[in-house]
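Since the structure comes first, as C-alpha cells, the remarks are kept for the end.
As written, the chain order gives the labels A, B, C and D, with residue 1 at the start of each chain.
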Amino acid sequence: MTSGPTMKTPTTALSHHTLDAVYYREKNLVDDILKPGAQPDFVREAMAHILGREIGDGELRVMNAILITMMEHGFTPSAISTRSIYMSAPENLQGAVAAGLMAVGSQFVGTVENNARLLARIAAVPEGEKRALAEEIVDDHKARKVHMPGFGHHLHRPDDPRAIRLLEIGAENGLDGAYVKALRLLGEVIDEKARRHITINATGSVAALLGEMNVPVDLMRGFSVLGRTAGLVAHIAEERERPSARFIWELVDKTIPYEA
Amino acid sequence: MTSGPTMKTPTTALSHHTLDAVYYREKNLVDDILKPGAQPDFVREAMAHILGREIGDGELRVMNAILITMMEHGFTPSAISTRSIYMSAPENLQGAVAAGLMAVGSQFVGTVENNARLLARIAAVPEGEKRALAEEIVDDHKARKVHMPGFGHHLHRPDDPRAIRLLEIGAENGLDGAYVKALRLLGEVIDEKARRHITINATGSVAALLGEMNVPVDLMRGFSVLGRTAGLVAHIAEERERPSARFIWELVDKTIPYEA
Amino acid sequence: MTSGPTMKTPTTALSHHTLDAVYYREKNLVDDILKPGAQPDFVREAMAHILGREIGDGELRVMNAILITMMEHGFTPSAISTRSIYMSAPENLQGAVAAGLMAVGSQFVGTVENNARLLARIAAVPEGEKRALAEEIVDDHKARKVHMPGFGHHLHRPDDPRAIRLLEIGAENGLDGAYVKALRLLGEVIDEKARRHITINATGSVAALLGEMNVPVDLMRGFSVLGRTAGLVAHIAEERERPSARFIWELVDKTIPYEA
Amino acid sequence: MTSGPTMKTPTTALSHHTLDAVYYREKNLVDDILKPGAQPDFVREAMAHILGREIGDGELRVMNAILITMMEHGFTPSAISTRSIYMSAPENLQGAVAAGLMAVGSQFVGTVENNARLLARIAAVPEGEKRALAEEIVDDHKARKVHMPGFGHHLHRPDDPRAIRLLEIGAENGLDGAYVKALRLLGEVIDEKARRHITINATGSVAALLGEMNVPVDLMRGFSVLGRTAGLVAHIAEERERPSARFIWELVDKTIPYEA
C-alpha cells in the first residue's frame, strides 16, 4: 500500500470489553441484557445491534414473522449447495452454511431491495403525486420488459398467502405506513394496467415492512441472510439423518448428457 | 459417476408446498405458525425446524441467551474478514457474511464440541464412576499437554461472567442436569489438580447447555453460526457508516515488514 | 417449485467419462492431453476448457504473464481474510482460500471489467469515430466524477511498470489490436484533458489483453480468481511457518477504539 | 482481546514493493520474472511462491499434469454448487467459485492427504522394514474397516488410467523415489491380501508425486484447490451459455419427495 500519510483511525460502537465485562454497544451483556428477569430475546438484540437503536415490540413481532418466512424454501439452489458442500466436508459445517448463503444474491433476495427502492421513491413524494409516479414506474418496467420486483408468483395464484399474512401482521403491529401504502398503490396500478390481478409476493411484503422499520435498503439482505442461516442449518441436520447430496450428485450427473 | 444401479431416492421432512400453502415440517406456515394471535418466534421455529421437535419455553429462553452471547466478540478474525470482504465487494453482502462465518471453526467454536464430547462421556457413566472418569480426562489432557476445552480465559479472571450467568439462566429454566453437573465436576477436578481456580468459560457453559437440550454434538456449531451471523451483519452495518476495512489494510500492510 | 411442465434437459460439453477414459471436452485426458511427449500445460488446458477453443502460443504466453501479475499483492483485504480464516479453521484450507477469493469483487478486479466495457465500445466503432467516442467517455466520467477504470495508481508514478510490461508482452505475442489501441487512445485523451500524464495501470492492461483474446467481459474475473488462488495458497503456506493472523487480530483490536 | 504485552511483530517473505517495483519473494516482478525473453510460467511461479524455492523442470511438468487432472470431474457436488450459486448471484462470480471450492474437503481431496501420511511413514523407515510396515498399515485399515486412501475406484477397473499415466509422467521426470516406491509397495500388499488387483487411483498417484516434491501434507490440498478453480470457472462459462442450474433445482425439487 501507500507510504503516504496514515489514514485517520476509525472507531467502533459495536462492542468493547473490560477485565470483568463485555459490552454490546452501550449495554453490559451480563448485567443488562442477560440480567435476571430480563427475558433476553435474540431477535431483539440482533436488531438493536444491527440498527443501533432500541426496537419496539411491534417491530420485533414483524421481524420474527419475516425471519421465519425467509428461513425455508425447500430444495433451492441455496439448500442444494449447502448439502453438497456438507457431504464433501462434514468437518466444516460453517463452510456448508456459507456456501448456501451465497445464493442470497440478486436473483432472489435482490428483488426485495429493488422493490424497496421503488417504494422509497413513492413514499417520498407528496400524496397528490404518488399515483402518477406509480404509473410511471409500472409503464417504465413494461417498456423495458423488466419484471416488477415484489409482484407475481409462479405458484401462488391469485394470491401469495405469505405476502397477505405478512402485511396483516404489519398492520396488527402498526407497520402500515408510507411503504405499505406505496406497495398497495403499485399493486392497484399493476392490476389496472394488466386488467387482471397480480399477486403481491413475499418479497414485496418484506420490502415494504423492512422499509417501515427504516432498515437501509442495502442492509435488507442481511435479514434474509439471518433467516436463511437457520434454514440451512436445518438442511444440514437433515442431511446427517437422511442424506440426499450423494443422490443429487448421481441424479444430476446421469440426467444431464454430454453434447459437444 | 457410476453407471450402476440408481441409489434409493431420499426424502425430506423439512418442507413441502401446495398450490396455496407452504409447510415447515408438519406445520402450515401461514395458518399455523403465523396465524393471528400466534406470537411467532424465530428462535423457537428455527430450533423446531433444526431439531425436529417442539421446543419448551425454558429451552427457548436458554437458546436466546446462548445466541446473544455468540453474536458479538469485537474485531475478531471473523469480523475482520467480513469487513475486508465487504469493502472489496459491497454489492455482495452475503459473501462478506459467508467469509466471516468460515472462522467459526475448530480453533474457537470447535472447543464447544470438544467440551461437549467430554461432558457426554461423563454424563453417560453411573454416578459412582463420574469422578474417576473426570480425573482420568483431566490427567490425560495434562499428559498430552492439550488445553482442556471449556476452561480458562485469557482475560476474564477469576471467572468469566458470561459463563456463570449462562449456567444460572440454564438453572432458572430447568437445564441443569447431567451435562451441567459433568461440567461442574470437571471444574472441581481441574481446580484441585491445578491448586487454583480455573474459570469455566463461555464455550464450556454453551456446551453443557446445548447438551442439556440434546443438540447433537456435530450440530452445535450451527447455533454458533446463527448467532454470529447477526453480529457479522452488524459489522457490515457499521462498516457502511464508519468504515474500518481500508484502515485495517493500511495498518497491517505497514506494520508487518518484509524479511526474506 | 412449479408443478408445471418440466424444463428442457440441458447438456454439457465440458466432460464425460466411459469405463476406461475421462474426456475434457472432446479430448481424452490420458490419451490426448497427458500422452507421452505432449508437454501438458495447465494454463493452456485451463484456457481451452474455459473458452472452448484451442489456444495460440502467443495467447498462452500473455495469459501466463497476466496470471502471475494477478497472483500476489501483499497484505490486501483478500490475504488478510484468508490468513484470518486459516488461523480459525486450519483443518479447512479450502475455506480460507474461498474467503479470500471473495475479495475479488467490484472494488478491485471489477475495474478490469469496467475498463474492458469501455474498450469494447471504442473497438466497435469505425476508425474515424474512435477519438470522439474516447473524448465523450472521458468527459462523461469527469462530469459524473467517476474514476476512469484502468488509469491512475496511488503508488506507481509516472507509470505502473507492470502495465507497461504487460502491454509489451502482448505486442511481442501479437496481441496489440483494437482493444490495446483503444486503451492507448483513451490514455492520450485522458492525458490531454488532465494536462499531465496519468498512468495506465495493471487492470487497464489486463482488460485490453483479455479483450484481445476475446474473453467475454463477464468471465474476465475468472482469470483474476485463478491467479489469486495461487497467491492465497502461498499466504497459507507462510501462515503455517510465520503466523501473522493472531497478531493482526491483536493489532486491530487494540488500534481501533470504542466510541459510542 | 488481551491488554497484556503486545505480540512480537511477524514478518513476511512473500512480497514487498517500492515506488517503482513490485517484488515476489526476492524477485522483481517486472525486471526478473516478466523480463524480455523470460518465458514466464504461471505454474512455475505459483509453485515457487508457495514452496519458497526454485522449481525444477521435471517438477514443473509433473505439477502441470496434476493440476490438469484435478481440474475437471463433471457434475460433482463442487460444480453443482458453483452453478447453483452463479445462477443466484451472477454479479458475484468469485462467490460461485468460492462455494464450489469448499467441496475440496475431507471426503474427496482429503484422501490425498491421508494417503500421503501413510506414504511418508513408509518412506521414513529403513528398506528392510518397509514391507512389514505396509502390511501393518493394510491390516490396521482392514481391522478398522476403513477404506485405504489412494486405492480402489468405483468406475475405473482394473486400473485408473489417470493414476498409471501420472506415475509414468513422474518417472519420466525423475519423480519416482521413496514416496512412489511406498505407493507401489502398498499396492502389492493390498493386492496380496485381497487376492485380486485393486487399482491405485488418481489421489494415490497425486499423493505420491506431491510427496516426491516435498510438498507439506497439510498444503497438498492447496494444489487441488488451484486446479479445481480453473474447472469451476469453466462451469461458470458454460452456465452462461448453456444454463443447467435452474433445471437442477427443478429436477431435485421434483425428485425428492416430502415424507414426515
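The working rule: contacts are C-beta pairs under 8 Å (C-beta built on N, C-alpha and C of every residue); 3 or more make two chains touch, one makes a residue touch a chain.
Here the structure is a predicted model, which means the values were calculated and not measured.
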Shared interface partners, meaning chains that touch chain C and chain D: A, B
Labels of chains that are neighbours to chain A and to chain B: C, D
Pair joined by more contacting C-beta pairs (A-C or A-D): A-D
Mean-CA-position distance for chain D and chain A (Å): 37
Whole-Å separation of chain centres (CA-atom averages), chain A against chain C: 31
For chain C, residues contacting two or more additional chains: 1-2, 9-13, 15-16, 19, 74-75, 89-92, 94-95, 98-99, 102-105, 155, 244, 247, 249, 253, 255-256
Chain B contact footprint on chain A (complex, rising order): 1-3, 6-17, 19-22, 24, 29-30, 33-34, 36, 39-43, 45-46, 49-52, 61, 63-65, 67-69, 71-75, 90, 92-95, 97-99, 101-105, 109, 155-157, 161-162, 165-166, 168-169, 172, 216, 218-219, 221-223, 225-227, 229-231, 233-238, 240, 242-244, 246-247, 249-250, 253-254
Of all residues in chain C, those that touch chain B in their complex: 19, 74-78, 80-81, 84-85, 87-92, 95-96, 98-99, 102-108, 110, 244-245, 247-249, 251-253, 255-256
Chain C residues within the chain A interface of the complex: 1-2, 4, 9-13, 15-16, 23, 25-26, 74, 89, 91-92, 94-95, 98, 154-155, 255-260
